[in-house]
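Below: the structure, in structure tokens.
Going by the order they are written in, the chains are A, B, C and D; count residues from 1 in each one.
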């Protein structure tokens, strides 16, 4: 971190800055120029230091040099992380591509199994399905909970596909981890730190969705919580951000795909179902995500979207999903060997 | 809810819409006009119905008439809710004004007690302080936890001021509730539904902060989670939203104050410390919040902001806080009897 | 438009609404239900009617049924518009794909001609270059003006490539139209109505960029200004919107591509140079744009980006551009015949 | 500007950076530390230099030290600018408070004169009214143009109130300047540089509204265009920004008031009519704006809002405006002598 003093600052201002740093156990390295004095900060920087220094008298600018996340950074992992999922050992990252597909919510054994078979036939490698559902309204259907987990596990046994499902509370991590192959942390929980701490204590892969208003840095810091717990199996998921545009449910930020590949070694997948909110946009945005270099996709598929208990509007039919997979594979086949980096 | 069919829709489209509604246990009331047919939906509307109908063939527009929140709505409570806090019976809402002040984070008994005495002398009525701290980086100071709660409780015993402190995990609600008078749910947890469910099971007042990207409707639906649990003591807190403007930490949305007073009976307080992120903006925005009709303020005060372990940049000194209180009282005194409604 | 009265509204409220409509020359069609009365509005709806009705006593909701843009809508043009550019008759839209490439700013005849030859060799079909430059700071280089136009025209004569260049003021439309083949309206001018009116009076194709904060509807209404002037040759250009994410210069909104194809018959191109602001993101986002169904691309290319007078950071070298074209062509080749609609 | 090289950068990277600077006529001052080399940039910084340097090999961070606006900055004008309006010499800024009120659009001599008399009686000092109206739809009422200007001028002659009205095109500046006392540049035109240049050539006060997506820096740079033309009479106007919240027409950003007072010497007024879009929010947000330290207000008032040709939903009746003025004056009376700075 570098502190640039204002041209009109005085010695007392400078002394206060230096004292502020030494009070926090940091060292100050002064560089006096003709017009300005610059203070280099040496030592581990607390998160709030920049804000504190910026409002001190005589301070012009405070510039952070090193990134606040460490283990999630590209510098930490020059080689792409490859995450391995379930007994089927589905790989994602570092050139491995995976598709997670299934219903938004688990509704019945028949619905899940039918969907699982259909998406597997079309080329999906991981089955998704929600047993614990975050809903904006307390009066909406909130999921089948453990019964839903059992249905997912049964579908895995039947089809051999590993499963991913959301966990919403630190209390439920142990329960969900008994059944699932990947723990999903949803967009609303990107900064639910007790939950991140808890999934960081497991050794299951974690699918970490970007929050509605999460910057790339916030998102990588959320991943850092999991990594810092010793769990290195993190998959990031771009699922759209909240902007002024309301025609679509969210604004899919595909810049995120190549940006994350530059800033981090972690795999990143795209969720065009939530990123658009309308089924007729899912296929074109899935194609775009893959062309941008995504390491995978997560897609909502329902045997009969019109009767789905949640997110029917953005769910594909099995037929539409199969067509999506054909198009996506054709694009994958013509991408440069190592597309994004 | 009203479904407006497109002029070019056919009978089969209409039949599908009607079937979709009856499959969900709803009734359809048809009104055929010269150009268009309109379908009125009768019965309890599931949250996702609008999205589902919008993508059906032949559907032009779907309009929701009633609000998705019930107990939080002005219709439910034509009289303003008055929340009563702690043994001191501090009242807020319906014309009662309260000021919550104290340090961002509990650091030591001396720091908390000195701040408590100073803010009480200046007119604050509730002591705030964080024992469990949500931090963007896992490497930042994360709070003193139960030791911090004990320090707060001791300061309450000494000063008579009720206390408010944040709870971040459903697991901690029981512990935090043993000590605090108000449970604070932070911005990052506005849609942490297991946490909202859990604080809804207590009978302590809940201070519910607006999320970084929470619309008024999302926020009132989050309150609805608490109310639906049987806990009617909810205070809303506007603390700024995330926008493209980054000079300030957040963009304080003061429209929220009169809007919430129109849509809901719940009290709403303003947090200019987080809403601006810079101490020199706190006092003018506190004045503005009160002028807009806020039922209270929550302000970060630290005996020595330069050495604060978090949020020093936005904390006021006790002297600056006392001046803020003088200015705020002067404005309160000239507001119309019932300012906002 | 439909006005839904509140359950607690009275006859006087209803009479006021009806009078408000008849005062504006509109007809009201009443439909009284058990709980609510609904008023159908018949006639041409003024833009502000919805806002006016929403605040009248007794009114619950006001729903707009028809879109405010007409000539830009898909209903108006079920067949995709094909825009034809210059003597070379470059086509775009309805399955025709075009690439506009060249320097951000015209700096010299040599720079422009060298770039033109390079991008043409790589497959670009239209030459872009700025002679009038909108700059956030008045102290930045603001373009060579008519001298720049002459340089572009000379490059067209030499290479046969039609040219596109920005016009910023209604006063300059006549001058710029003398030289250019396509008139570009920049993002900052999306709602510069005198400029839109003026370019609507020409018969040159117009490239209309989306504004920093323009919704899809705002953007199509801006196109409507041009179309309403009798100029039907409008190409829309997605170039990123302003959001809370500041790592990238803008947030490229690729949802816009399939959305515009659904709402409108006009061609839509993508500008990944401005949509990302960093040269190393341009190629992956160009691939993504094409995969999403864009009818074309507009790319900044500079023979020596490090010395460019503007936007060097987001400009590609000719070599990088040639590689981008190879990748884009490979994706185009595998897209479904009519990708987006 | 400071360029921080990465720890892993080499001598060639450093040489390229230095060459890039010297190619632009700038000097480079090297400071080699243990871990990193820092390059200080000396000379006038072009607007795009930061972006260019950031993507060069070996560059870690680029930090801008001095602000890109000069004449608009607080450093340039330590004393607050006082703008003087019309023959009546209405003052604004530096402790002088002014209220601009009147109809959104000029509709008739009777409407304007009746409104002028009513708002003057209530304490307004400048009459507002639109003759050239920017409308999102080309089919909305676009103003009476010169006839409207004549009506405004006649109302000024009758009442003695100076007038403010919008100018949308550089071509119209001469015409509008013949009639008006203040030239208004609207939000959509904040970055219409030919227009800013042109109003900068006049010596009339300019009311410069903040754009929908304009940062504080963009806004001050827009003011810089006018100031750089030699016109020092600029009044800034906060009128709400575009965010994800759509219940209100815009999100009023009252942080802007004290921020602008800190960054600049120019007066800043608040427009709660556009900042909220709903008449029932105008008075509380006007109170809040004044409490935040605004130098003035601009308020839409219409004798009969229900029949207004535009913006009726956000217009106050003369009675409501008189009540607003009473409340605002009461707050002004209790503010600290120099509220914001």
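The rule we apply is simple: a contact is a pair of C-beta atoms (placed from the backbone, for glycine too) under 8 Å apart; a residue touches a chain by one contact, two chains touch by 3 or more.
These figures come from a predicted structure and were not determined experimentally.
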Angle (degrees, nearest 5) of the CA superposition of subunit A onto subunit D: 180
Reference subunit B; chain at largest CA-centroid distance: C
Chain centre separation (subunit A, subunit D; CA means) in Å: 38
Whole-Å gap separating subunit B and subunit D, where each centre is the average of the chain's CA atoms: 31
Averaged-CA centre spacing for the pair subunit D and subunit C, given as whole angstrom: 26
Shared interface positions of subunit D, touching two or more other chains: 213, 242-244, 246, 280
Residue ranges of subunit D touching subunit B (in the complex, touch as defined): 213, 215-217, 241, 243-248, 251-255, 257-259, 262, 275-276, 280-281, 284-285, 287-293, 327, 330-331, 333-336, 339-340
Contact footprint of subunit D on subunit A as seen in their complex: 2, 4, 29, 31, 33, 36, 38, 40, 60-61, 63-65, 242-244, 246
Residues of subunit A touching subunit B in the complex: 16, 20, 23, 44, 46-48, 51-52, 54-56, 68-69, 134-142, 168-172, 188-189, 191-195, 211-213, 218, 221, 224-225, 228, 241-242, 249, 277-280, 305-314
